[in-house]
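For reference, the structure discussed in these notes is given below.
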Amino acid sequence: MMAAVAARELQNGEVVFVGIGLPNLACNLARALQAPELVLIYESGAVGAVPERLPVSIGDPSLVTGSLMVCSMADVFQLFLQNGKIEVGFLGGAQVDRYGNINTTVIGNYQKPKVRLPGSGGAAEIAVHAQRVLIISRLNPRAFPAELDFLTSPGQRCKGQSRRALGMPGAGPVKVITDKGILESDPVSGEMVLTAIYPGVTVEDVKANVGWDLRVRDQLDLVTAPSFVELDLLRHKLDPQKLYLG
Amino acid sequence: MMAAVAARELQNGEVVFVGIGLPNLACNLARALQAPELVLIYESGAVGAVPERLPVSIGDPSLVTGSLMVCSMADVFQLFLQNGKIEVGFLGGAQVDRYGNINTTVIGNYQKPKVRLPGSGGAAEIAVHAQRVLIISRLNPRAFPAELDFLTSPGQRCKGQSRRALGMPGAGPVKVITDKGILESDPVSGEMVLTAIYPGVTVEDVKANVGWDLRVRDQLDLVTAPSFVELDLLRHKLDPQKLYLG
Amino acid sequence: MTKVVSMQAAIAAHVRDGDTVVIEGFTHLINFAAGHEIIRQGRKNLTLCRLTPDLIYDQMIAAGCAKKLVFSWAGNPGAGSLHAFRRAVEKGTPPLEIEEYSHFGMVARMSAGAARLPFWVMRNYMGTDLPVANPRIRTVTCPYTGEVLATVPALNPDVTIIAAQRADQNGNAQVWGLLGVQKEAAFASKRVIVVVEELVDESVIRADPNRTLIPGMIVDAVVVEPWGCHPSYAQGHYDRDNDFYVAWEDISRDPAKLEQYLKDYVYGVKDRAEYLAKNPGLTDRLKAKAQVCAGVNYGF
Amino acid sequence: MTKVVSMQAAIAAHVRDGDTVVIEGFTHLINFAAGHEIIRQGRKNLTLCRLTPDLIYDQMIAAGCAKKLVFSWAGNPGAGSLHAFRRAVEKGTPPLEIEEYSHFGMVARMSAGAARLPFWVMRNYMGTDLPVANPRIRTVTCPYTGEVLATVPALNPDVTIIAAQRADQNGNAQVWGLLGVQKEAAFASKRVIVVVEELVDESVIRADPNRTLIPGMIVDAVVVEPWGCHPSYAQGHYDRDNDFYVAWEDISRDPAKLEQYLKDYVYGVKDRAEYLAKNPGLTDRLKAKAQVCAGVNYGF
């Protein structure tokens, strides 16, 4: 469901910085449907990749074979990302806060963590530079706390300061796609506001899984359930081994 | 003669940043004689070039065909030159002063020049970074003035300051090879001192062509005239069209 | 949707009076055809940037296209001077502003532009007159060591024109042989024109993705112009016309001869095909010999 | 004079206790054989640097080689955690210092090291806790715009180990497929070991010079080690062993299982040939299919 919803966000011809897992599924679903000319860029250096299998890692050899360009990682980060060429970036995270700030570093104290997570990878710079960022994360209270344990990737406001004041070129996280509904950033306050819910989900369901007092838009959209075509592609063609689909 | 003398300065296996003209002749002569494994790097990006003809420019296609590596100019200047990988650099110039500073920019005033010369090219950074620099220049009073019209490439002392004080990594110009004799930099003062003369040339000949009071080493070496082998290679194999040989 | 257009259309659409223009290529792949079309279309007040202005900028200066030149080495390698450039700087005919760096400085300016940073850092210029002549060469202090290092400002051209051996219709361009500073110049630029010897199917590009220098996503127009670099060269296609570089010394030294050259070979032809027709024997004389490398395995 | 030596000899000569060591490769061309030999030779107090520590650094941490880890993403992509790393950081068994950046930060550190600059500039880290956790992430003020930008310090390892598809006996190494940050890491390093799938004649390198990633002049030792990257991969030679990456989640979660793995596949074999003999069927299962690209013309 999240993959199908994320795929609908992508327009034909857009340049997408693809992370592994659900974002990769979403991008390949979009390519199979409304956006055949989506340009997939992986931080490993593959540009215009057309993977013939679902890549397990963002450095899979199937991303290279038949791609338009392979470049060094210095070029990926300087010439593509920092240059502003990435139109959409996908991020996930162990914790997401009310402004779309993300923690992928530690649960607990940085010096003595309860759980050590992988860290930033390319997420910090994707959050700064991608023209817009889509966050994909399952909704639960631990994943959407009032306070992050660590701020790895910047959202709409960091410690009271706006992206503009902090000098960030990209628009930052504009949507959070969850398994119960969609949050969108308020253009003025930057706060993530519930704007759409999935069929069969109530606003209370969503609010119960968010650690702050979630704002809800007056007019809530209802997310269209995945179509037969979307589900068939996801289940039988894109992830037949159910590596990423639950 | 200058090409032959310059060639003798090169040791087998050294990494040389090759300029066009006489330095190129000298390097290819050295490769044909004592230094078959000399590694020729051109600022155009050809590394380990083995030109099968005398290249007219430092970007000649014959430098690419059969070379060990071709890289971008950003790599040439950052990864090879600034990194300190260049052992020998060759420079020439319209004017050379007593410390081996070089002018290749203008004769006369910079804003209203009498003669506009090509400018630095890569010379300024070669003078800063090459582990040692060899200057090749015909001796005459205009080419060896007391004062430069413009300081393009730094020598042993610039405006009263030593290379060390100015933070330059390379040893700078250690020899000036002319058509009458060889000057070498004094390890203490940095001044270029006459240390060797060509057969048939007098110290007075040399001094008359230098615009400052040239110091002369007590024990002057006599430069060995080009051997038959050297001349034969230069005239018949390396520069048969006499592009660079007088 | 194809980006392939004629040279006339590409220049008309993307090069405007007053623009900052880069035609790059270090000896290799300098696109003279584009420069000639800019002259024919009578562009004015251009700020021309390149490491080595070469013959093409000498012609554009003589034709009155240039307001300013930004460069690092202005000569005719192995052959002499760029006399139109020299007349402009020495005598002011026509007047020409200059802004001067070293090669490393120009490469660094384009690297900064390509990375969308306002400056680039290098260890250079200490003790020289270059920062005196050009106050845009400045310094920065290292926040770790306290060392003072040189800086140059980013260069972000309005339009960059790059030649490549081949590209597909979307502008995914592959280059081999000398690479110069083309990738940096293209990524630094607001608009990019790619001029190719050969238009190929996208599958040719995808068969060897490590050869791609310029991705189509940054390209605005693709022009197919065989022999478009003459008298510069394209590795594997044709050799450098060293004879013409030598001849330029004589042509450019005399304003009347230069004017006649422009009349005959630039204004007097409507495109590259006519230029080639005016140079009989050229393609036979300079055509590259075959020296094809083996491929590599991209399978998994 | 050839630089070709055995893996034992290369590690014995060039990797010393207390060294700062980089084994690079972003998913592609991670040289596990070198890591295993470092474990077998019992190196201690190493500062291990890499963007993605991957399974090989997890094994080296478990084996007690590491004093410190410098990194940007420490996970097992698509499969889970690096549990030896997590035990070290969460429980201190064994103790491990960490110094943490983002990918761009690590790439920038190696770019600075390769260019022999003390720092690199980037637009990054504003508003985040990364500079709080790591005070080596600092800022510099642009001398042109006044903008404040992030900096990271240069990384100059004692030794860098790079895998390549092929090299000649002098270490001129060619790589295709993903390039990661190998070139920058090698140029930043004091010593370089190149490990190749295939040793080729110098003429093979010279036939296609644009493919050369690492020039022999910066290489100290060449090791010929087919399948040296397993469970990582070498484009055109063999596929990534995704099954082993998944299996590592289970192995590394249990210290006893991890110890047994090291006994069986690292300490229990004397070299890569014995490792392959212990993995029957591996080479058949992962051998790459042929998908060879066409060559290009280098003639003139």
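Lettered A, B, C and D in written order, each chain numbered from 1.
Simple rule for what comes next: a residue touches a chain if its C-beta (ideal position, glycine included) is under 8 Å from a C-beta of that chain, and two chains touch if they have at least 3 such contacts.
For clarity, every value in this text was computed on a predicted model and none was experimentally measured.
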Could you tell me the least number of steps, going only between chains that touch, from chain B to chain D?
-> 1
Pick out whichever of the two, B-C or A-C, is joined by more C-beta pairs in contact.
-> B-C
Distance from chain C to chain A - Cα centre to Cα centre, in angstrom = 40
Cα centroid separation, chain C vs chain D, in Å, comes to 37
Cα centroid separation between chain A and chain D, in whole Å?
-> 28
Listed in rising order, chain A residues that touch 2 or more other chains are 46, 61, 64-65, 70-71, 82, 169
Specify, in ascending order, the residues of chain C that touch 2 or more different other chains.
-> 116-117, 122-123, 147, 176-177, 179, 183, 207, 210, 233, 235, 239-240, 288, 291, 298-300
Go through the chains and record each pair that touches.
-> A-C, A-D, B-C, B-D, C-D
Residue ranges of chain B touching chain C (in the complex, touch as defined) = 20-21, 43-46, 56-61, 63-65, 70-74, 77-78, 81-82, 101, 105, 110, 113-125, 128-129, 150-154, 158-159, 161, 163, 166-169, 243
In the complex formed with chain B, which residues of chain C make contact?
-> 26-28, 51-52, 71-75, 77-79, 81, 85-86, 89-90, 100-104, 107-108, 111, 122-130, 133, 147-148, 176-181, 183-184, 233, 235, 239-240, 242, 245, 288, 291
Of chain B, residues touching chain D in the complex = 15, 39, 46-48, 50, 61-62, 64-71, 75, 78-79, 82-85, 169
In the complex, the residues of chain D that touch chain C are 116-123, 136, 138-145, 147, 149, 151, 153, 165, 176-177, 179, 204, 207-208, 210-211, 233, 235-240, 288-300
In their shared complex, chain B is touched by residues of chain D numbered 114-117, 172, 183, 187, 202, 205-207, 209-210, 212, 215-218, 298-300
